[in-house]
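The structure is given below, and queries will be raised subsequently.
We just call them A, B, C and D in the order they show up, numbering each chain from 1.
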Amino acid sequence: MEFLPECEIKEECGVFGIFNPDGGDVAPSIYYGLSSLQHRGQESCGIAVCDTMGPKGNMNAHKGMGLVNEVFKEETLNNLHGNLGVGHVRYSTTGAANINNAQPLVLNYIKGTLALAHNGNLVNTAELRSELERTGAIFHTTTDSELIAYFIARERVNAHNVEEAILHTAKKIRGAYGLVIASPRKLIGVRDPLGLKPLCLGKRDGSYMIASESCALSAIGAEFIRDIRPGEIVTITKDGITSNCQLCQEKRAHCIFEYIYFARLDSTIDGINIYDARIRAGAALAAAYPVDADLVVGVPDSGIPAAKGYSEASGIPFGIAFYKNSYVGRTFIKPTQKERESSVRLKLNVLEPVVRGKRIILVDDSIVRGTTMANLIRMLKKAGAVSVHVRVSSPPFLYPCYFGTDIPSNKQLIASSHTADEIREIIGAESLGYMKLEDLQSMVGELPICRACLDGKYPMDITGHTEDKKQ
Amino acid sequence: MEFLPECEIKEECGVFGIFNPDGGDVAPSIYYGLSSLQHRGQESCGIAVCDTMGPKGNMNAHKGMGLVNEVFKEETLNNLHGNLGVGHVRYSTTGAANINNAQPLVLNYIKGTLALAHNGNLVNTAELRSELERTGAIFHTTTDSELIAYFIARERVNAHNVEEAILHTAKKIRGAYGLVIASPRKLIGVRDPLGLKPLCLGKRDGSYMIASESCALSAIGAEFIRDIRPGEIVTITKDGITSNCQLCQEKRAHCIFEYIYFARLDSTIDGINIYDARIRAGAALAAAYPVDADLVVGVPDSGIPAAKGYSEASGIPFGIAFYKNSYVGRTFIKPTQKERESSVRLKLNVLEPVVRGKRIILVDDSIVRGTTMANLIRMLKKAGAVSVHVRVSSPPFLYPCYFGTDIPSNKQLIASSHTADEIREIIGAESLGYMKLEDLQSMVGELPICRACLDGKYPMDITGHTEDKKQ
Amino acid sequence: MEFLPECEIKEECGVFGIFNPDGGDVAPSIYYGLSSLQHRGQESCGIAVCDTMGPKGNMNAHKGMGLVNEVFKEETLNNLHGNLGVGHVRYSTTGAANINNAQPLVLNYIKGTLALAHNGNLVNTAELRSELERTGAIFHTTTDSELIAYFIARERVNAHNVEEAILHTAKKIRGAYGLVIASPRKLIGVRDPLGLKPLCLGKRDGSYMIASESCALSAIGAEFIRDIRPGEIVTITKDGITSNCQLCQEKRAHCIFEYIYFARLDSTIDGINIYDARIRAGAALAAAYPVDADLVVGVPDSGIPAAKGYSEASGIPFGIAFYKNSYVGRTFIKPTQKERESSVRLKLNVLEPVVRGKRIILVDDSIVRGTTMANLIRMLKKAGAVSVHVRVSSPPFLYPCYFGTDIPSNKQLIASSHTADEIREIIGAESLGYMKLEDLQSMVGELPICRACLDGKYPMDITGHTEDKKQ
Amino acid sequence: MEFLPECEIKEECGVFGIFNPDGGDVAPSIYYGLSSLQHRGQESCGIAVCDTMGPKGNMNAHKGMGLVNEVFKEETLNNLHGNLGVGHVRYSTTGAANINNAQPLVLNYIKGTLALAHNGNLVNTAELRSELERTGAIFHTTTDSELIAYFIARERVNAHNVEEAILHTAKKIRGAYGLVIASPRKLIGVRDPLGLKPLCLGKRDGSYMIASESCALSAIGAEFIRDIRPGEIVTITKDGITSNCQLCQEKRAHCIFEYIYFARLDSTIDGINIYDARIRAGAALAAAYPVDADLVVGVPDSGIPAAKGYSEASGIPFGIAFYKNSYVGRTFIKPTQKERESSVRLKLNVLEPVVRGKRIILVDDSIVRGTTMANLIRMLKKAGAVSVHVRVSSPPFLYPCYFGTDIPSNKQLIASSHTADEIREIIGAESLGYMKLEDLQSMVGELPICRACLDGKYPMDITGHTEDKKQ
């Protein structure tokens, strides 16, 4: 993915929940789990915990703007006592950061307290919001997640338990969601019926966890049990796990961008390992766009696995062409326009001995504005590369996503206003090949996918969505 | 009032609202207004503003824990654009500070956005909360203020305008309240029918303000127009001021503690100037407890005016006996128990030349645990005072307040377990006189007052109150 | 003293040293001592401690920009272990704050470590600096204090002990100084031969303290023993106190501004109590400028004692005419020029019932630009004062101070370009009287004073001073 | 290199200087240069600049604890005006961070101001310090760098210019140093006669830079001109570059650890490219320890290049076996001992599809305590690796370094108390091979190296060094 000064495809969110029936504090595990999901959101984060043996309304929470290790200091973490909890990381926006929208939401309602963390986006928000407003609702946030919480509270009034209220709510809401909910005695996970958003179940000793990705389970030494099924509601109490699959259905549509870009390399989602998927993307590129060259290199870090896949499939050696300065991060002072010309190598620098005299195949997972790619090609050639052939492991994304992914707008996307050959010309490459739409499926085998951002075919009716209300 | 390590009577809250039809930013005026109401709450504060010419939902707010000048830095303040706004200061608690409960509440509802700041406490919260919960409400805070906002939103669905919704809400809620509300085109002020909490109206050039106390008007150079009438709803729009007095009633009960302790010396509330009231308190003490002495001195800063009043009434000279170190504040590291003995003079020190060889009358507005008073008397005598006669300008407060004042509990109050003579003995005074209940009225002339904390006679039914839910 | 937007006379510095032979930590006592000297400097502060039983080079220090309670948090303070230490508060400047110049200076030299805190200013700095530079010295700060430390280190090479080195150094330096020095086994206090700067000795249990003012002793419950004699070097070790008075001399020149303005009301310096001195100043004004009036009031806080003195001498009643908002402090966002007109009452507000219909005598300790005074008079008259007679308890200061006091420059001083009558006209007073030079001595009895800033007669040769090098 | 909870070999420092004769501000370039040298020191950093057209004593500096992007915010950077400047990054210690020792040192002396940044360590510090102390020197820091500055100041008194003073100083000091010095009109770079520390010269437009590594030149778009010669003093003024090579000598001893570990992959030092050197290290390991295996993988990030070299030399495929979580950084809350067992995968996680069923060769650049390596091997085997053969691209380091490298002590080093076979057993590898001492030279061709930490043969007399005084 591209570097400053370009815009990026932004991750949506990550959620993590854990229940420890032994009574030990879970906040540190949530902290480590969220740290492993940090790639899914860097804007804000939060943790809410409660003690299942304590009084029902006693939910402790801490939220803040920034990374997990910025928001949580040792003292804060140590003061979050409780053996049940949920956590959330939220994506970073360029605009005004807003602590109000940080999650988990912690709410009081007729049956006590509820903490809710949500990854995804609904598409019938206008209708949902209007229904609530007409009965006098007030909203503290601008998130879809608050709508979900509201309906759970309403349904709870006449339901036998919170799971039933959640089931009724799930029937009303349409869209993408991975939810983890802490009801004072229960941890509940909910996944949307199409499986647009990932959610999985893990175990360590007697504790159970629900997380957006399996890497969060690995990070805390837990065992991956299985993915939450699309449409499934999983409830974990001191008596064990129960599952409700009333909303499970045949039709599925797993977001292809998890495999192309979002998910972490060491996660496995719905049976497909992310690393494997990206290796296969590289192989598909090698088959679609063969070229006589000396070396395959990836743009760090996002292009590395597909480059490896291209190398393995083509037999052309794999190389490391760039050094990435990991200290150039979020809080780095950006060069001014004038300085920028002389500082393209701040974040990435070419390893000259690797590329000198070589014909290079350069792989990345996407091209947004093309500026970074153009810079990299210029750097490679200045360092002695004879030619640079660019391969992109995703098709151009041309349609908005209504399910929680922040695809740059058409104006920012070079692919929406230029042909592939014009782009090739602009970035200064000898050749350019985008992943073909028809090859995309090969990344994930038989898995049914949503690729609406690439082909405009949405897996559900999207009229009624409210834009700019992502969480 | 007493100093660390004693507990204090805590202020409730202060509110400030302003509408500038000319379109200029009002955030600086709110900042200065809140700074002048800071004595009413030091825990948290906030400002919400909107532009009456802009889109209706566009309410900008900033809230934080701490004093006004800690929470608002120049940049934050300058980013709060809008010509209509409300602000709030909240009292300081010893327990866990909670940003969630900071005000103004900023809410979205069927008609757009609403910002609400509330001083006071309701007594039928249990019933109100239960009514809302049964229809599926969710609560983000534990404040009464959120209940009020909820009912306004509900009533608004079928009301002609927000004032009507507020009127219907005011009919449902019982308790003490001074409210300022920014509805995107209007500034609204509401005062409880008994007038328990103060609220007044001011004007500067074309702008109108509503504030808890008149000192906030003086501070920004505005002119005091009048007190909001108990039960009145005042609405300010670009077309001027309108008033609804449907809930105005004969019976009134103005909180006596505003005059004894809460309000600022330079404010005038319901026609009674605070300085004058305290001077009269001192005079009443002089009449009730005359004593042959050389000097009348006050405990800084709370006891000074009553000491002045005692002096004027008795003819005994007024003196300044203590130096107060204003750098010993909120964030000061408290002495340990061991250090405490040697550091009683950290905050207040005796001016020896003033007291040496003198018979002293020492005046304060209250005694909580008695420790500070005992220390001061010891200091005076060590500095050469011949005798110390203590006069307290309030009767012992013996009953809980349900209207938003944080009276220390019986356990902390020395007066609830000891006779006046025992207290005199404990603090080491030659004589001790508390303001007599029957003299209290003399502070405020004919003004009908609530003095339930002193005599247990509550001006309304208080069953149904929920404790520990103050804002 | 005057308030924003005027400039102020700035304090120089305060020093505090303590030695506890019992081995207990002294950092908390230094913290409380410095808090009591905070009025002497608000720019930066620091504490250095060492353990007299530990290795000689082990000096722990913490310094920072800001007030004592901003720079020292509980954890920092608790980590400063040692039974011997010195502390420093430095004045606040409007310009660039500079942590480099914060004190105490902590230095390594041939005999180990030394910590030094200095109040005052030398006048032969150019000569001293040049002598050091010519032998290859390097300077980390721009302070006179570093020059003193340097000479001590040089003299120490051939001296028998650090006191001898200090004595030799004291013979070379000319100017004003109160020094506290922690040499790993000793606490040493040094006062300049003219006694320009104050320094005193105290005791609590087995511990000894040296402080700029006696109020710092009171604050920690210590007993005042005596002032350090001008020219005296006092050394405190586990074996007790020794004194060297080789540099003591007949001629003395105690800074009059300590009595007029700098020192705290509850301090006693060189036998003169500050409160008493200011009462006498008021009496002198009453004698010099009698007027028929109803009330004497002071500008808070600096004008209060002299107002009291005027009242007592004249028999005209003393009143409290202003409420001072103590929340309007250092970090307060200043009103813009436009807002200023409407916010003159932010910091001080008139108590109308006190002044209405009265002929007022208004007392302050100085007038700098006159703007604040003009505002106060306008406020008084708007509140109904019939007339306002201004009395100033110091003569106009017209000459620069080279001894460490930051007198505003001529351009800022209204008195340097206007006659008293012109000033009266400008501020809008009915009459104006400055303390007469010939009455000044009456404040302090027989005490020989330096009043060079008032009459230009410096008590020593000041050629060779380097301006803008204050500490 | 190893991860928490192991200790690390710590970098020494990095320096950067720049002179822009056109007069434009250089602070941003220093910021970017230091960011590229951040791997050389994370404890503290600083920038000092001056305007060569301005007054001579006007040096602006800012220093702080932490990373470059933590210490410098936009406002701070923008306030550092000047066209000449030096910067410094300092290594991170586990112990008490000390702002006093942060660099550049900014000093006043006889000829004005001097800013100095130093990478390296002297070995005759005791003698140098004693010489200074005996003439009365005072020290504000505990760094060797202050000694160097002192001697420059002393020599300057009688020298014709600062270069001459530096030359005399260089004759007195012994040890390792790369120095950049800003004298108000000149930028000067100095390298120790053995060339232990790197230092190089670059150019961009009319500006010249001196930096510890060439990567800092690349980062700002500058051209590498040449390495500063061992013993050379380079002076850059508005009139161009002059060089003094009086101290240049035949004998050289370049630190081998720059090539093994310290320097950045994209730097070239003394003609040897770091990436190339590490590729050759891998090749040497492949030749020395061949093994029948399926995949060569490196420990991120330090082991990757040598793994690549091993792969290329052996023909065994290169793979990416680990995902590294870049959000687990300096401020991360470390797991407790109990949590640690379940959280070994927090920082690094295995990519299971890569290693399953494979015989793995695992390459890293060093082994300190062995704990991390043991964890990685356990992770690999749990993920299905059939066998793990460890190759280490440096010999065990067994001797202390006195030249500024923080080699862990013997107690921490597993190699100092165990044979290679014992270590193999402890970490659970099938085989273990350390780089052979005799192969080391192959990394850097003919370049004369210092490898004292590996064989104990120091390139100069080291008696007289003072331990624990690194900068």
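Here are a few things to note about the model shown:
Assume contacts are C-beta pairs under 8 Å (C-beta built on N, C-alpha and C of every residue); 3 or more make two chains touch, one makes a residue touch a chain.
The chain list, named the UniProt way, goes like this: A, B, C, D = Amidophosphoribosyltransferase.
Computed from a predicted model, the values in this text were never measured in an experiment.
Considering every other chain in turn, none proves to be in contact with both chain A and chain B.
In whole angstrom, the spacing between the mean C-alpha positions of chain A and chain C is 60. If you average the CA atoms of chain C and of chain D, the two centres end up 48 Å from each other. Each chain gets one centre point, the mean of its Cα atoms, and the points for chain A and chain D are 36 Å apart.
Not a single residue position of chain C touches two or more of the other chains.
The chain pairs satisfying the stated touch condition come to A-B, A-D, B-C, C-D.
Taken in their complex, chain A has these residues touching chain D: 28-29, 31-32, 35-36, 38-39, 67-70, 72-74, 77, 204, 215, 218-222, 264-266, 273, 275-276, 279, 304-305, 308, 318-320, 323, 325-329, 331-333, 335-336, 339, 341-346, 349-354. Residue ranges on chain A touching chain B, taken from their complex, read 105-110, 114, 133-140, 142, 146, 149-150, 153-157.
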